[in-house]
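These are the structures, in structure tokens.
Both complexes below contain chain A, partnered by chain B and then by chain C.
And now, the complex of A and B:
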């Protein structure tokens, strides 16, 4: 078993590296440095020095030969002849008159050289792996510190919705499976298709209106830590459950029906075991295997919370942090969140495989 | 195209892809291809049987009717001509349903505006079936405009993702070895990024145009189908009919396209139909996150309408028609696709036939 786990974890390493490379290319290979800097500098027409300073401040600056000498990877790059750009002396300010528009710097003046890109890629890979995400592009705060602040709220929302929706959907799926082939089942299946076809935001907007404003069920938005948290969480949790059970009921019903059609169930019935006992002891026990393996993958991701719910209800978790960063085009934060989400998801997948191997001995033989 | 040429104001000729000829030809070609595919498929026993099964399923027929109705609206919004004077393109839908722009909100069939201290008389009282929105646009007309966008998002994304998934999946499954390892690695990496996060990253980088959103959705969508195609190809590769073809000296290309591909088509069509509704829903989610279709472009979008309605329910009197109109339109189309997709799967999938 231990060997299986170790092998499974080792398999994940190239995937994580691939994700790091992909997000690096996506965010820092396609968008020009200058435009990121210009967007975040407060003055409307920043000088060359300001842009350069901002880039250096946020870790996008060009390394010098001396910097590269200090680092083994840098020494290797220098030895194969990959050198950074020479830092050009700043343009003499005397020749400029205030009326004349500033000469536009050549496009690509701030673009890093090949050596700088490689150095940055290497540094950011190691940093991100150590969860050292650097500073936010817009607010300058440390991204990891901010993420740690958001985890409790997100975890509370995520866990509550997760547990409540798994239990609710399981109950409905069992009812559907018990009444399979009757009108109850048809109606239930149709209802879950209906629930599945409504877009998430419509649930959020309309249920907040109905539950919060019309029925006055809990506060409409806001958050507080401690025991008072629960009253702020009920409304988002109810909405989260209603919007997610449509798909889950259908899935769990399939798992249950798969088991109901097995030979051992027929044998149990033939022996005269009552239907409720067949469902409870024989079917449910075996159907729980796919259900558990299907839900375990979601558990590590719970600390990310819910993107839309948190933003809409003003819960200060990671979901709202990400939405704010999208709106301010803060690439550093979005990259960090994408990586964190991926890492948690991969952990979830590994957990699923381990769970599967634990309950199903056939998996380990492969 | 030379980037300099499009910046010069003197050039009155629009680029080819914005000309009437091109824009009107696309829907004709698309409909023509679909009809051709349907007529060809009807001659084959598997599909003929599937169509018979669907015809016997009243719920599926209703769903198909709804889809065709939406497609009809989308087609009406696709044919049009450009006014030589104003240089604006008017489609048939615009000519039929466009209403005069009012000052601000007004309720359905109302004759005065809503939400102002002193209600003003409307320019076209009683003509707005679903009222008007904050800037005075007719909500019903805007809802109809969303149908074309929904079909473009679903269709173009499927057109991007399906060939990619099919080719890579078949190559990986058929050849195995390093090709398989490489392709599997690429899609494992993509699949291990939660799809909403990957979508956000791609749209942030690519931009908010319809085509860019379709590319981003395509990148997140092809993985599932590719996995499925690879598995099925792997299964068919060692079947006797493929070996027989090989023994007769058929080339790999011929085996893949003439022998294996027809056997993969049913699962491809099922997965595209079932995936369509998810794509239409994604557009709305992206709009909520502020990275959906650019609202300034005059392109209809249910997501943008729903997003704009976020604060409208909190107003007094409650502005419900904008949210209701867009979400009901979206709901009915997605529901129809879900029901039809399920029926199609039951009709085609041989494992469910006994």
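And now, the complex of A and C:
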């Protein structure tokens, strides 16, 4: 088991590196450096010098030989003869009259050399993998600090919704399964299909309006840390549960019915085992295998938060961090969040495999 | 599986469902109402505002957006500020300045390109600030040995127990701000305003390349401390520059404490402002809220005792002479979604709201007034003209529509006549705008309410305008819009970033108007970065653009057509007319006078005939506020207005209570329904268990 986990973790490294490299290529394939600088400079009509300066300060400009020598990878590049573009000669020693003003660079001439690109790639892949996220291009905030700040809020909302919706759907699924074929089951199925056919954002806007604006059940937006948080989590949690149980009830009901029709359940019944015991030991326990594996994969995702819910309820989580950074062309944040997302996804998959082995004695992990 | 055995015990479903329902109800009730703020806070003398996102930076040398300036200008006061009430014209008054600056001619010699000595007629400004100013208390003013501890606490997101006393401010602190602007690493957006005028600016700026931070210890040739008076500094300019006064009213020229910048470091300083203004920042929780509180170290400042005509009647002078700021706290809620802010405003948890797509139908009646629903709540609707202009511009370098020949001019004039600004305003802006005749908006010097642009709406009758347009089009060589060489309709490419349906509608209306004279309009929609790229490379043909004033001087509008401001500058039409440029250069360094007005009129004549632009409208913005918010008057340029606002907290609390009584009836009904449904279900369970095996086996056959 341990060997399996170690192997999976080692496999994860090239996967993550590949994802980061792809992110880099896709990002700079669609966005020009100049437009990034323009987006982030506060001036409405930045000069070419301002753009160049911004790019340089944020690591998207042309590195000097001295810059590259500071970094082991840069030294390696220099040793194999990959050099940066020659920048303008060093400033004249003081005393001399400054050189004649240089010709203006052609508009949009901010494309870096091969060496600069390789350095950027190294920064966007290996450094990120070593958890060296750096600072946001837009706000200059330390990205790791910002992530640490956002996780608790996202996790609180996410976990509450997760637990409440699993329990709620399980209850309704059991009821549905128990009353299979009766009016309760038909009605329940009808309701769940209805619930799952409504788009998520409709739930958020309409329920926020009905429960918050009209019925005044809780604050429409805001947040607080500590026990006061509960007040702000009420509405998002209710909305999160209502929007997700439709699909879950249907799924769990199927899992339960699969088990109810198994031979060993019939055998148990034939032996005169009471119905409640049959359901508890033979049906529910076995049905939990697919349920658990299904839900465990979702746990790492709780950290990243929900975009729509957090935006509408003013919850300071991580939900909108990635989307915002894409909109503001903040590549430093994009790569950090893509990395985090990939990592959590891989962790989720590994956890699922482990859970399989734990809950199902038939499964062995080698 | 302990928990599950509990669930599956006999008859446990019913009590469990009940428990769950009660728990859910407890969650609602435990919320103790829906007030999103800490208990009792709304009863205080507090303003509640919103931001749609975290401010990117509160560094006064970098920040430039309106939202950021709203906060910055309360923390960082400058030499001047705008008079809160006076309009037409706007008036600037001393803020931290002690007296009006002294302006003197300043003559000096310098070498020109060929090395010849030439005499330059420049200007010297001497500014004297108040001598009783000091910074807010801050950790950066602690003695060196205590700073380390405080820094550690701040780095962990905490608040140090002890703060250093606010240091006294001298002119050196403003000089430091100028040095920061010259530092290329701060990326100051207004640096280009100074760099070509302040003597020695570029040389000083270049010094940062080699000297790095040590450059701050060096003297700046053009911004000097007075050797005799620590509260006076001089700015030396290579040309007369009357607009300098407006820059001295922006937060870029506020005094800044070098020790604060160095204590926090440039990046963190942007989130830890240290100023001497009416407020200081107490709390900044990203994506959540920003809290400003009264700064005990602020200088004495008072609410104006006189205002514009009519202000007295509107009650805007009720607080005349009271000490500023009027509110103890300003709280900014960071809310991304307009829907959320709008709902909170309706519940009374925000003092003001904007009018937009999401609430227009609910707020404004078809006649443009406030709806009954809003009136009943005591909400006030305000319409305020902005100091800005929206326009359509041709690319003057374009081979078809650009150029300065008589024919090309007529072609553009014809298109200009085809655009009906009033129709545009009525359809797209619900009447909230003023058709523009030229660049300069109302309440700025040079605006002429009687001026009628001969190529906009000279007759007052759109049908007649169209006839004239068709005539001009014929004279331009395109009879009925048909290009005689190709025998096809002449195509105008409208470059835009209209990806949303609303923006598409705007493009559609403009296109339809132009097509009325026979031309064909093709929309070229791209993403905004591609659009910017097209603009830079001059590949655009026809665009829709807007300009917001930095300061209320005609120069800040007329310069949009100044040749040397070509891309990447703000002259997006790429308009170049030597005569215009010459008059502009003369006009910009003059004080407001009849002579200046005459020059502005000449500029108008030239640019109207050349027609690089089709001036469209000056917008009017709509906003709402609750009746408990007092002293509400919008200032289209200044951003420090929150310090003049006050609230009737008693009224606010009363209305909040009245509007937010929870209605538990539907919830109770739901629970009753659930229980009602559960009873027959429980009966079925009981029956099944009692009947034991036989029935069950029967049921399983299916």
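Going forward, the second predicted complex is superposed on the first by the 306 of 366 C-alpha atoms of A that agree within 3 Å, B and C clash if a C-alpha of one lies under 4 Å from a C-alpha of the other, contacts with A are read in each partner's own complex, and residues count from 1 in each chain.
Here is the rule we use: contacts are C-beta pairs under 8 Å (C-beta built on N, C-alpha and C of every residue); 3 or more make two chains touch, one makes a residue touch a chain.
Remember, it's a predicted structure, so these values are computed and weren't measured experimentally.
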Fit-or-clash call for chain B and chain C when the two complexes are aligned on chain A: clash
Touching partner for A:53 - first (chain B), second (chain C), both, neither: second
Contacts of A:231 with chain B and chain C, given as first, second, both or neither: second
Partner chain in contact with A:179 - chain B first, chain C second, else both or neither: second
Partner chain(s) touched by A:347 [first = chain B, second = chain C, both, neither]: neither
Which superposed partner A:279 touches (first chain B, second chain C, both, neither): second
Chain B versus chain C as contact partner of A:200, first or second or both or neither: first
A:139 touches, of chain B and chain C: first, second, both or neither? second
Chain B versus chain C as contact partner of A:23, first or second or both or neither: first
Which superposed partner A:338 touches (first chain B, second chain C, both, neither): first
More chain A residues in contact - chain B or chain C: C
Against chain B, colliding segment of chain C, chosen among 25-33, 133-141 or 493-501: 493-501
On chain A, the residue positions that both chain B and chain C contact, one per complex: 31, 205, 208-209, 213, 312, 329
Touching residues on chain A, where the partner in the complex is chain B: 14-15, 18-19, 22-23, 26-27, 30-31, 193-194, 196-202, 205-206, 208-209, 213, 301, 307-308, 312, 322-323, 326-327, 329, 331, 334-335, 337-338, 341-342, 345-346, 349
Interface residues, chain B side, partner chain A - complex: 185-186, 188-190, 192-194, 196-198, 200-202, 204-205, 277, 281, 284-285, 288-291, 303, 306-307, 309-310, 313-314, 318, 323, 327, 330-331, 334-335, 338-339, 342
Chain A residues within the chain C interface of the complex: 31-32, 34-35, 38-50, 53-54, 57, 91, 94, 98, 107-108, 135, 138-141, 146, 149-150, 167-168, 170-171, 174-175, 178-179, 181-182, 184, 205, 208-209, 212-224, 228, 230-232, 234, 237-238, 266, 269-270, 272, 274-276, 279-280, 284-285, 288, 311-317, 320, 324, 329
Chain A-facing residues of chain C, complex: 1, 4-5, 7-10, 13, 16-17, 20, 24, 27-28, 30-38, 53-54, 56-57, 62-65, 157, 184-185, 187, 189-192, 203, 206, 209-210, 266-267, 270-271, 285-288, 333-337, 339-341, 343-344, 346-347, 349, 529, 532-533, 536-537, 567-570, 660-664, 666-667, 681, 684-685, 688-689, 693, 696-697, 699-700, 702
